[in-house]
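Handing you this structure, nothing more for now.
Which chain is which? They are A, B, C, D, E and F, in the order written, and residues in each are numbered from 1.
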Amino acid sequence: MNDMRPLERMVNTDNIKISARNCHVFYGDTQAIKDVNVDIEDHTVTAFIGPSGCGKSTFLRCLNRMNDTIDICRVKGTFLIDGADIYDKSVDPVQLRAKVGMVFQKPNPFPKSIYDNVAYGPKIHGMARTKAELDEIVERSLRRGAIWNEVKDRLHAPGTGLSGGQQQRLCIARAVATNPEVLLMDEPCSALDPIATAQVEELIDELRAQFTVVIVTHSMQQAARVSQKTAFFHLGNLVEFGETGQIFTSPQDPRTESYITGRIG
Amino acid sequence: MNDMRPLERMVNTDNIKISARNCHVFYGDTQAIKDVNVDIEDHTVTAFIGPSGCGKSTFLRCLNRMNDTIDICRVKGTFLIDGADIYDKSVDPVQLRAKVGMVFQKPNPFPKSIYDNVAYGPKIHGMARTKAELDEIVERSLRRGAIWNEVKDRLHAPGTGLSGGQQQRLCIARAVATNPEVLLMDEPCSALDPIATAQVEELIDELRAQFTVVIVTHSMQQAARVSQKTAFFHLGNLVEFGETGQIFTSPQDPRTESYITGRIG
Amino acid sequence: METHMTQEPHIARVFDRDLEAVQAIIMKMGGLVEDAILGASEALTARDEELAAKVRKNDAQIDALEDQVNTEAARVLALRAPAAGDLRTVLTVMKISANLERIGDYAKNMGKRTGVLAQMPAVDGTDGSLRRMAKAVQLMLKDVLDAYISRDAELAEDVRQRDREVDQMYNAIFREYLTHMLEDPRNITPCMHLHFIAKNIERMGDHVTSIAEQVIYLVTGEFPDEDRPKEDSTSFAGVDGTP
Amino acid sequence: METHMTQEPHIARVFDRDLEAVQAIIMKMGGLVEDAILGASEALTARDEELAAKVRKNDAQIDALEDQVNTEAARVLALRAPAAGDLRTVLTVMKISANLERIGDYAKNMGKRTGVLAQMPAVDGTDGSLRRMAKAVQLMLKDVLDAYISRDAELAEDVRQRDREVDQMYNAIFREYLTHMLEDPRNITPCMHLHFIAKNIERMGDHVTSIAEQVIYLVTGEFPDEDRPKEDSTSFAGVDGTP
Amino acid sequence: MTSFAFVILAVAAVLGYSLNWQAAAAIRSGGARLHSLTGYHGSYALLMVLVPVFVVILLWIALQGSVVSMLTMRGLPAGTTDGLDDGAVQLILAEIRSLAAGRVFGTPEPWKLKAAENYVTLDRTFSILLLVVVVLLSAALIWVSRRRVSAAFRARQGVERIVSGLMIFCSLVAIFTTVGIIASLVFETSKFLSMVPLTEFLFGTNWEPQIPIRADQVAAVGAFGWVPVFMGTMLITVVALVVAVPVGLMSAIYLNEFAPRAVRAVAKPVLEVLAGVPTVVYGFFAVLVVAPFIRTWGQAIGLDVSPNTALAAGGVMGIMLIPFISSFADDALSAVPRSLRDGALALGATRAETMLNVLFPAAIPGIVGGVLLAVSRAIGETMIVVMAAGLMAKMTFNPLDSVTTVTVQIVTLLIGDTSFDNPKTLAAFALGMMLFLVTLVINVFALRIVRKYREIYD
Amino acid sequence: MTDISANHTGLQGTSSDVVAAGLPRRNRKQSLVKTFGILAIGFAFLMLFILVGSLVLTGYKAFTQTHVTLDVFIDPEAVPADKLPRGGFNDVLASALISHFSDVDMTSRTEVRAATKILSNGAQFALRDQVVANPGLIGQTVTLTVPVSDTYDQLNKDLIDRDTPEQNRLLSNAEIARFDILKDAGMITKPLNTGLITNADSRFPELAGLRGALVGSFWALLVCFVISFPLGIGSAIYLEEFAPKNKISDFIEVNINNLAAVPSVVFGLLALAVFIGWFGMPRSAPIVGGMTLALMTMPTIIIATRAALKAVPPSIREAAMGVGASQQQVVFHHVLPLAMPGILTGTIIGLAQALGETAPLLLIGMNAFITSAPDSPFQAATALPTQIFIWADSPERGFVSRTSAAILVLLAFLITMNAIAIFLRNKFERKW
């Protein structure tokens, strides 16, 4: 088994999309992230796992500067996307967030129609000149969100009327509509039941053909199922980062082994 | 493999604790439970699994008449605990609930001290005459809840100050304090992280030495891990009920197979 | 019990792809092993050293595929936590690949012995039985692989029963070779090798039977009740070659 | 790479108990198989039909235990979704039990042939080599089981190397029997059986080696790099029994 | 005397409690398992005594006066009240009462003195009787509850039933209040409508309740048309909303999304202070500062400004409503889940866009409900207009003119001594009826919106 | 897949540019919204500032009162000991005062009256009370400090401009001169106006105080609290925790919400018709006022209580129910204690509203002119807000500043109550 060649895993290792160097994050005086270095590949699903409070969400939210909205949060280090520093003064977080989409733990569709939910991003960013263009973007995004078939007959029904799993896929379609390059997901399935979870996981797998996906998850099983790369955080440190199959069959660090086999007491 | 003899599974099949016969439950006009028959064994962990809305919680809450508090809920059929009908008019639901303890999805300690949390049940049921007796009950319950060592030095600190997993174990200790015979748990780990979940699961395994445990869970993995018997509900029907190992390696019903292998779309 | 196999795809289609991928390796292995059996028996009949060498060489590929199956199976177990039918699929795949690998080994061993036999005088009228036997086993293998693909427990059971014939053929050959050896001491060395070859083919049949049993387990969730047919009685064969 | 084996217990201690239980079966099997090897070799030397019959009968127990290991392993896989070291433990256990079962089978086969041999004239000076060989394999098995318990990759590697010696012993015996057969045709039938017995013991060694490799994989997460030592050269043995 | 009854009641209740408690405790120490805790046995007795006896005492007090009076009047020498109308009889009774209380004015007739004596004795007798009744009743109740104590007695259920009954009574008070409002308004209004035709009232464009009404002229035709009063109300309401809605909404938006924490920490309480200022103060403010200011400015730019402008009253009312609207809007905005805000920000919306496109529309129903309630408040607001608006009903849309409102009319018609038999007084009730109906419709509508909206996010 | 991603990379450049192009416009819009918000808040602040400022400016002077100190000889002739409490106290005072003025003819009644206008009308009563309490003073000289009348008070507080032409002024030059004589003699003082709190109402601004109103308000609030608090809580608990959810409870709920929004004047009409008209309760009495206010406050308390009960998470109820607590035990042991801070906050705020409520009290006559504080809730009284209304309506100039002062007193009470409520809320605020 020394030949750990993956099937169905088209990882392209020389294509780094996001690169974090010597990153530290503080909330007031407490340090939530300690000297994390990580390279996230394009067209890959990267999962962040680790015990509660280890800093997964914090690190994820650094990548689209959602942490800016928290007063006491301070970020140190370099975050490069496509080689450009996203914390550079010249970068407007609004613009960054159009490029780095995000999907949240609880499905949060706007209380508007399905169409408007998806059209909102492109509209504010002025991505469509005509109604026809907008229609096209909406359809394409809903297709990418694997929900087009379920909603195409009721585009003008409210998005909040969908089931939990459908709502989450709608939120993914909404995030995708602004043509981001990176999709961040913070425990996107923790509010869903197993069936909806499986559907969203399937969708995530499809999305990686077009996006760089980073997903935070509490469920090791989920990380195992959806990701090609896994990062294990512990107490703010990045303990291990590697190919998911490797992490789950032969992790290098004893803390990783302890965590994934259910031994950290 | 026709010899499915379990190791570490001391199931005593001739000791039926709870027996439900021809049970139907209605919410107004919609039927949530359809003709369910099931025998739950003493000193056994029985898991209820099934897709969202299939009636697991409804059925569970029939067992301690928590459904009485819902106006539109109507229960038909016979529910026997130790052979006695719990829906008999002479049964006081309040007393029944002391005998059939319940643990909920979200840890819900009272915002009181740890001691008071545990002492409350025995107090209202007049189970202790003296402070010393009460102290003893509290200590015994906390020990059974596998949390005594963690809290013995701060019994008078608020229960809400504990971590999620500790809170849930406190809630179990609280449920255990009234000396119930049956413990019902409705998704007791869904608000916990994997480590706390493992701790609670371990506790559940210990509890079955003294109680009949019935647990509703969304996570098939969890059912697999903690239970000796599994009941699969689907659209209000009990589709399959049997030994957990059997259900997870060779289920008899194609719907069960579809569900546990992640195929119901 | 056909109901056990739900043919719907998984919601996570990538899981289906993983399962298919690992089963594809099995099919590939199966093909290679069939070829190896045929090749080995042909090489033996024709005392074709070159072909025998090729069979020997190809075994490395089969071994590599077995490794791959194990790796992928472990991976699927670690990443997908399969249950019920899926779990049986993975477990079965591992067992089948082990069986195929062993069959491959036996074919390789035939190849090795063919090389030796080529340099010895032929023993009359022996090769036909061996070829027939090899053919029978190869057909059994083909059928059991079909049974696996189509999740056909009946066909697998049929294959299982056919192993009896192979065993009977082996018994006949054993006695025949014994006779040859007793007749003419010059036959002793080649007959020893032929003997081993026959034993190899008989073992191949056993492994195919084992695959058939795996297929039955995969489809029904249970192993066939009766003991596997075992008609190799040569261990009890007396001086005269009869049990 | 010792770091891979975390010795802390699982939070869910019932998981530890499950793993221990299934490994306990392995140990029990190992014990039974060792006994079977010793018993078979003793029965052979003493031409003790009774002992041989006992060895044959005990094999059923070994087979049952293998079934049990498979059932329990499938159960653990289905119920506990083990990962990393735990997964390797379960996979290893399945492989080892399969190997042990095969060794048991070979011992049983020795027992069968012993019954036949008892009714034949003894072939002088042959039994000693077989007994020594069987003893060597039994010691290897003991050591590899120790290595498994103590998760000792070095000891396993040592066992693996020792298989070479067993193979050399087998080569020697092969030539010896050939000589005996050529010397005296009455020896042909018993030597055929002895031959098969020797082959059986050689195969046992191979299976022990395979167990050793599993232990190495379990501990290190990787299989040993070099090919397994294979010194059985009899397939290439020429007329004179030399390769 | 009556306070003595309460003391007896208190003692009896405590006594009942301890008796039952002890009895229950005795059973328990005898080894039996009680159905209910001892405390519940005690409380059962306590409530069994407290509730009925308390009701008896209250009823007794309420009725004693009239019973005693009735008996006194019955005891008067025959013929004394013959031929006297109701009012005169009441006067005699009042005189006897004040005599009984020891207030002697002039020299009353001897029969009155005697009646007064009679009154005093009767009163005392009844008071003593009350004590006797209280003692007996309490004792009986204590006895009854004490007898019920047993291991199996479901004291907890008993207590809970009584407590439930008490709580149900409490809930009914709200209904009684509404019934009272409607009954009083309907009753007085119907009297009014028997004097003034409904059509006149509803569609008349002239409101002059002050014209004297001769004895032979039951109603002055055309004097009781409420239209101009209503229009005045609406004018002032519109002015108030024009001030309050934009300012209130914008402050809510600012506070909710943009204000630094420090600003929010100051502004919220300040707005609460503004909301807590009584309307009479706003009225005074309007008179003292705003009206003169408007008048000065208006005249400075050559406008004809009356002293009691609708603008002043409406403007001040608007100021009063600012915190009302802003806090409603702030609540509605805060009720929108944080996840929506995060969702919009993560799409790359600016904060203004997040607020205007997502949060605000999501909160619209709540805000609309709030604004409607503000309308209702503006219509019903009394003190500001009483102090700052005019008294003359006028049909005008000019905010610089003086108008009157429904509430102003109600207050001015009823201030001072009034009797309930002239249309001037009764007109106030008719206006009150209209006010109640209009605000009722608005309220029910607004509350329904608000409630529906809350359900979305709960 | 490949063609989609190609398409995707094609869009990348453009969409980024498109976003960047729109940014300045969007940021401008954001600043605009922010500016409007600041303006709105500023306006609200400004109004509050003007409101309080104008009250303080006009009101602060009412917190002092000009007094004159006189040595009064109590002439036994004018005040015969046997006729007490009657007697010519006025004359005694007049002569004591006029002795300081050279220009006043003691014989001219009109001139004397004009001169004594300096003294408050209440001065004679102050003297009378002193003498009645101690008849031994007759025949002696008493040093008496009494308020000056309102006009002179205004003069002393510079509210009357000496530069205005005499005919436009309330005081003639001669009157001002006389006052100045007293002032120069050091007889004029301006101490803290304790009378504002300790005196009851009066027709004369210099004597008018809030005692009656404060006591009246106290009784009314007490009655209001005693009635509305238990009723409100009981009702709220029943509706929130026990009532079956059906048409009736729905109706009660709508009804209560509506009651909270019914104009206060309608409650006045209710009280007038029902309490006074039908039940024959006394007019102007705090008991009636309190009951009326109770009916108005009750919905507020019910709504606040229900909100507080609702805020207690259902998990707590389930928890208690799960260990076998009855529904009432659940509520009274767990839910109610947790909701108590919220309930108290709501109650205090409700009472604060009641304290400031005016219109219904006007209708039940609690704006009567009453010169003594009530001893019980059954006696006629005024309340703080109605007192403000009365004073605001009074023509005397002195009442303007007194109205402001009274408002400041009222606001002080309200702010105190609200502060307590806010304190409670912050102290016990709970994050579930």
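The rule we apply is simple: a contact is a pair of C-beta atoms (placed from the backbone, for glycine too) under 8 Å apart; a residue touches a chain by one contact, two chains touch by 3 or more.
Here the structure is a predicted model, which is why all the values come from computation and not from measurement.
Any chain that touches chain A and also touches chain C is listed here: B, D.
Considering every other chain in turn, the ones in contact with both chain A and chain D prove to be B, C. Number of steps on the shortest path from chain C to chain E, with steps defined by chain touch: 2.
With respect to chain C, maximal separation of chain centres occurs for F (centres as means of Cα atoms). As for how the two copies chain C and chain D face one another, over half of their interface residue numbers coincide.
By number of C-beta pairs in contact, E-F leads over the other of E-F and A-E. Rounded to a whole number, the gap between the C-alpha centres of chain B and chain F is 59 angstrom.
Inter-chain centre distance (chain B to chain D, centres taken as mean C-alpha positions): 48 Å. Chain centres here are Cα means. That of chain D falls 95 Å from that of chain E. In chain B, the positions touching at least two other chains are 1, 124, 195, 198-199, 220-221, 224, 248-249, 262, 264-265.
The set of chain D residues touching two or more other chains comprises 10-12, 15, 67, 70, 74, 78, 81-84, 87-88, 223.
Counting only residues that touch two or more partner chains, chain E has 348, 350, 353. If touching chains are joined by edges, the resulting network of the protein chains shown has some other shape, matching none of path, cycle, star or complete graph. Pairwise chain contacts in this structure: A-B, A-C, A-D, A-E, A-F, B-C, B-D, B-E, B-F, C-D, E-F.
Interface of chain D with chain A (complex): residues 3-4, 6, 8-12, 15, 81-88, 217, 221-223, 225.
Chain B contributes residues 64, 66, 69, 71, 94-99, 101-104, 106, 108-111, 120-121, 124-125, 171, 174-175, 177-178 to its touches with chain F in the complex. Chain E contributes residues 28, 34, 37-38, 154 to its touches with chain B in the complex. Within the complex formed with chain C, the chain B residues making contact are 1-2, 220-221, 224, 248-251, 254, 256-258, 260-265. By the touch rule above, chain F contacts chain B in their complex via residues 244-246, 313, 315-316, 318-327, 329, 333-334, 338, 430.
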